[in-house]
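Below is one structure. I have some questions about it.
Lettered A, B, C, D and E in written order, each chain numbered from 1.
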């Protein structure tokens, strides 16, 4: 047995033993996700809601803004599936239209929150020391601050608009994400692959972007799906500031809080949007759970 | 003797141990404590020692993944520790590292081709095509099929992953590679494949290795010279065969004897077993660091730290070297 | 440990100062006039102008801020514009109520959340798991005022066993605590579940099994304590969050707490009161984190502070 | 009474994953005599741990014992009630795990954890009594200052001491069978030597049987009386330790023995180290015929077709190779 | 037991805690002051929506013909809660305190017509020269200019009389600490837990005789639904339906409650203010179009269940000088469109309606109006802002058009006309209405002594302001509905329809 013979690698051997996986990481995740009935259900529901939001003007049975005071508080019927509200407007159509704002408010601020949180979290975690201290102190402040005040400041200095609601919600929300990302970064930055990148001479920001960020994705995904319902609900409390959906338009959060007054007299007005929120929250959570589990076997390896 | 490729002189690396919110220093780990040696071109210098004795720290400090506390390391005449960031980046082409853990050392979310290409992307402004060719060439060199280039690390076995790590280290044609326990995590049958590969590459590319390991069997086979570390200190340094045949330091002797031999007939031989635990690096023993475990301990060992003695081409740090 | 706590508290001083500066700036940035609001419909421009001047509201902002800090350093947090009362007294009166509410809410969320999390972790991906998670998510996704109304309707109107609202005895605490707790039980349950699943993979769980332990004992004795670390972090934040975020519960159940005071202070642009309330919650958040850290070291002997 | 403490017959432990069925333990039979140290060697993933966990009935989903029997003291453990099995675990059969670092619960003192085993199996025993026994056991496994160490948390102990605690835990009930799953892999060489010596001494003293699971042939050579070599879920070869090392019959065993460098003899570097090329097969797609054939340098056509059986080649030496199947 | 409704305590509720019982420091919450203090003159409810000025702490008073000097003869043997006897000096003290800059009082405009008030408020004088104590039971007040509604003015809660000794001793705790907050009223403040409840117990030595029940518990209940449930479970004696109009049909239809509803007109008006400083609204044709585009009757019927009466001018029914013969403002969208076209907005225009957040009733109204105006092409944006911003913006004259209501503090048209349309107030309320002639007349009317002529002037001004200048859109005067538990007797809606009222006349009888 000599070295030369031995070093001639038997290519077909490697091939034979390695035929298994051709799929990419995400294909793999998607495949295990597909097997998860709850996650699939969640995903389908979300898709349906998204479709509903996009197609609302085409498929809504009634004009959601059509006020007819003679038609107040009609019970659910074939004509009005979910009844009418105190202005005689069709609740079902309003839910369909409301989903536009509610879903936007659910998703966009979560995205912004995530982005800010990710950037600050990675920077804090990666550079540590003073940078970390400063960022984490600020995040402590944000966490202990009345979020209402922050939101008000944004709304009053920038004016009430959807974009500014996004900003208002994000200013409050980033701190939590930053903490999670920071913790993740702290554990990742000591991983050997980060060290390997350093050994090769890769610059810090490239390391953060190429090596650390992608590895936070599973946690971030889960966080993201959990953040969405939170935002949908907080829109209702933002309406307290007179922002949120502007009448006559509506959102689920607003419909729920406005309908509260009629909870016992005309329950459908408030319950229908409430159920919509619940369903979407459950859907996102099931999908989030599924996603986490789908990402998990890989992490175990 | 020819001019050494790297001259390591009095290198120290201390880690402050910080606790609490204020990062108050509560102690110091003398992970590498005043170590000097030369590494010659094309040789394999092995560093052995038990867990936590500072092997990895030494390796990482030498290629400046860690900043040394003190000392110098002249690589081809230039002090690695004094280079500017820019010069350091240039130096990265010359010295590389292969990590112990084939799972942790590859970014699980990057394709193999991207991992191997990362050094090229970082240092060379070559075209995409050229880069792909280089990657293919490297993969071939370490025995990986080109077809795998778009796979992710988790689709590979441990041995294959280690090859990826080796390919990455080779990408910039380094002269000097720190191999930080490159085979410890591998299966017995894969271990020999990698050792052979490293050996082949050394011959082909005239590489110099600093080979860190705690496996004394592998080291005996693979290295030209061997350095034995204990708690941050170099206890003994010399040509491998001589050290194995006639260890000068008691620790070396016990360390070599400790590893079991795959031969049942050897089991009845009286075994030398070192008693006691490895002392904490936070509070190393006074005098000779080994004295708490040394069966030959004398009073002077407890109080006085032994100087390094040069005996021919070997050196040893012991008051009473073995004969 | 004592020194550690002292240090932690010391470091919170700049945080508190920073926070009160920010509060001050923000409240000055947003439009609104406390005096105009105090007069509401009976507004009379001359009176507004005069009272503003009398209350030194026309002084430059930095002077007002330093006056506030100076007084605060002397233990005087000033007098609420709107309520005409000493901020310290106001907060001291409201705080115990909110604390009791927050703690009992937290307790409920743990009592629901932890067993639910454990159960669904044990029966992972079963119907029971989904049902439990569904229930706790239900609490997260229905607005608190709904849950409040629902409970009031059932327990006060229909069954007549609990008082609708108010805060003058332990029985008044039951519904608000449940409503508040339910709204965050979901988070605790999910966290417990995932943390427990994580812990159950550890080698020492296998060791416990190999000893011949009953599964239930393994979970309760060996796994739960270990899985509580991340839960404790959230619990701390949660208590702090409940303290400052229980406004709606406080309103629905008529509990005179800090949440309502703070929100009213914002609405009324009642600077001294808001400053006081914000400082209060900041200190509480800091304390909450500190307590969490101390709990950490009690749960996990590997963590030591000195 | 038979002198066999454990007999495994045709044990099959399969993992039913969504990618397919993994035959982690595939038709494994083995026997442990009283007082014997039996070694199981093989590469990572070949099913060593799953075999031992199958004995303990600790396979968790998606894994399942799909067939075969585990006779412990002539009683089949497969399918017995959970309660009955619990009374055996830790009492009659105990285990030492690979990672002393993580196999102890970090939040309880080591003394308490060892005492727990004792209390679980001796209902009448008082806590004080248990403590006394634990301290005695600590002394026996060579833990210095056992009284003090009783109250110490795992993280306050070095790896070697922790492994001693694990051993104490395994021996405290004086089990008849001790399964040591890579007990020294995580330890330093000098500590490893101490632990191995300790196990050997204790085995002689308490007279338990030991199943020693490892991938380190050195440990096998030093410790075991009889050896099973596993590859991809199957036993490839089994023999008395001397027989196996002196006359390996299976190409895999042979390859393993040849590919390990030795610390006690100088090897010629220029020839290169012997190596078994290729990788351990993917358990989801095992090659047809002999599982080892893709890596076997003696492979012939028959190897690709015929799944060889274990055949006795004399003196209790069994080999699973086409060569001996004809 | 703890239950507040036990015993003969009257339990009522309120959304927000007033914070202070010092009436000089608040303008929007008079519930406590109306029950613990007395005034020199009281506005007595003689019938729903009807009032009469009756002697209070002053037994009688006379005015010089020039309307400048008032002499009040004070009642003897009136005791304060602390046992002090009421004297003229207390009146002097009270009014001086209001005008004392150190008090930072918010209600000074009730007294600023007194001679020397301005100097006092500016800190230029140590006392108010126009107030003179003649003897212990006589006080003389001189005005700098005749002010017709002066006596009515003193009957507002802001005119509550304090005790010099107690108030001085209490310092800044006056109005806060129950035992230090002393008046002569039928109830004395006995307990105050902020944001929870305020308790008042009946004052045995009250000069008109002790109340017929033990006292009042005022709970602070921020949530309307909770409030209703409290009432339905018997924990509240009186349920105010003002903020939950949507419950009116339920209670009216409920056998148990329908006979327990007590209703009274609010002497006040719901209206839309148009900010003439805003684009398009500066044009009177546009404002007229808006007046005609809104179907007020439907709003009243659907949002307030018909509980009220349309108002076409400024004075609501019940107010002195109410003109029942005023022409109607018609609902005529076609004409509205024509007017808009005439004004140059054939396709309508965009306008903003401002409102405070968290005011469901206002929002409902605005949403309905938004829909109505869209029918004539006017696109309305409802801009919600928090109260503080709202009032601060309004004070600057920059608030967009808004829906609001106003009810009488005292029974005099001045309280409406001057409040809204005098030149300084028109700006401060963001009407930005300017009509020099009208506004000069408004100033003049205040000082007119001849009541008949004065009323005539007001009625003319009303036509000018509403029908010619279309400066606002009056909607309606509503009824104020309360539901009371059967054990509460003699409950009567206060003359002006306010929520804040005196409960002195009430009796509580335990049924069964």
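Keep in mind that, in the parts below, a contact is a pair of C-beta atoms (placed from the backbone, for glycine too) under 8 Å apart; a residue touches a chain by one contact, two chains touch by 3 or more.
Keep in mind the model is a prediction, meaning the values are calculated, not measured.
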item	value
Minimum number of chain-to-chain contact steps, subunit B to subunit E	2
Minimum number of chain-to-chain touching steps separating subunit B from subunit D	1
Chain pair showing more contacts of the two, A-B and A-E	A-B
Chain centre separation in whole Å, for subunit E relative to subunit C (CA means)	38
CA centroid of subunit A to CA centroid of subunit C, Å	23
Subunit A-subunit D separation of Cα centroids, rounded to whole Å	47
Centre distance in Å when subunit C and subunit D are each reduced to the mean of their C-alpha atoms	52
Where subunit E touches two or more other chains, by residue	225, 386, 389
For subunit A, residues that touch 2 or more chains besides their own	3, 6-7, 9, 14, 17-18, 20, 152, 156, 260, 263-264
Shared interface positions of subunit D, touching two or more other chains	272-275, 277, 279-280, 295
Complex contacts: residues of subunit B adjacent to subunit A	23, 60, 63, 65, 88-89, 92-93, 96-97, 99-101, 103-110, 118-119, 122-123, 143, 145, 148, 151-152, 154-157, 160, 165, 168, 171-172, 196-197, 199-200
Complex contact set, residues of subunit A against subunit C	38, 137, 140-141, 143-146, 148-150, 152-153, 156-157, 229, 233, 236-237, 253, 256-257, 260, 263-264, 270, 274, 277-278, 281-282, 285, 289, 292, 300
Parts of subunit D lying in touch with subunit B, wherever the complex brings them together	43-44, 158-161, 188-194, 196-197, 215-223, 241-242, 245, 255-257, 259-264, 266-267, 269, 272-277, 279-280, 295
Touching residues on subunit C, where the partner in the complex is subunit D	202-204, 206-214, 222, 225-226, 299-302
Contact footprint of subunit A on subunit E as seen in their complex	224-225, 244, 246-247, 249-250, 298, 302, 355-358, 360, 363-364, 366-368, 370-372, 381-386, 389
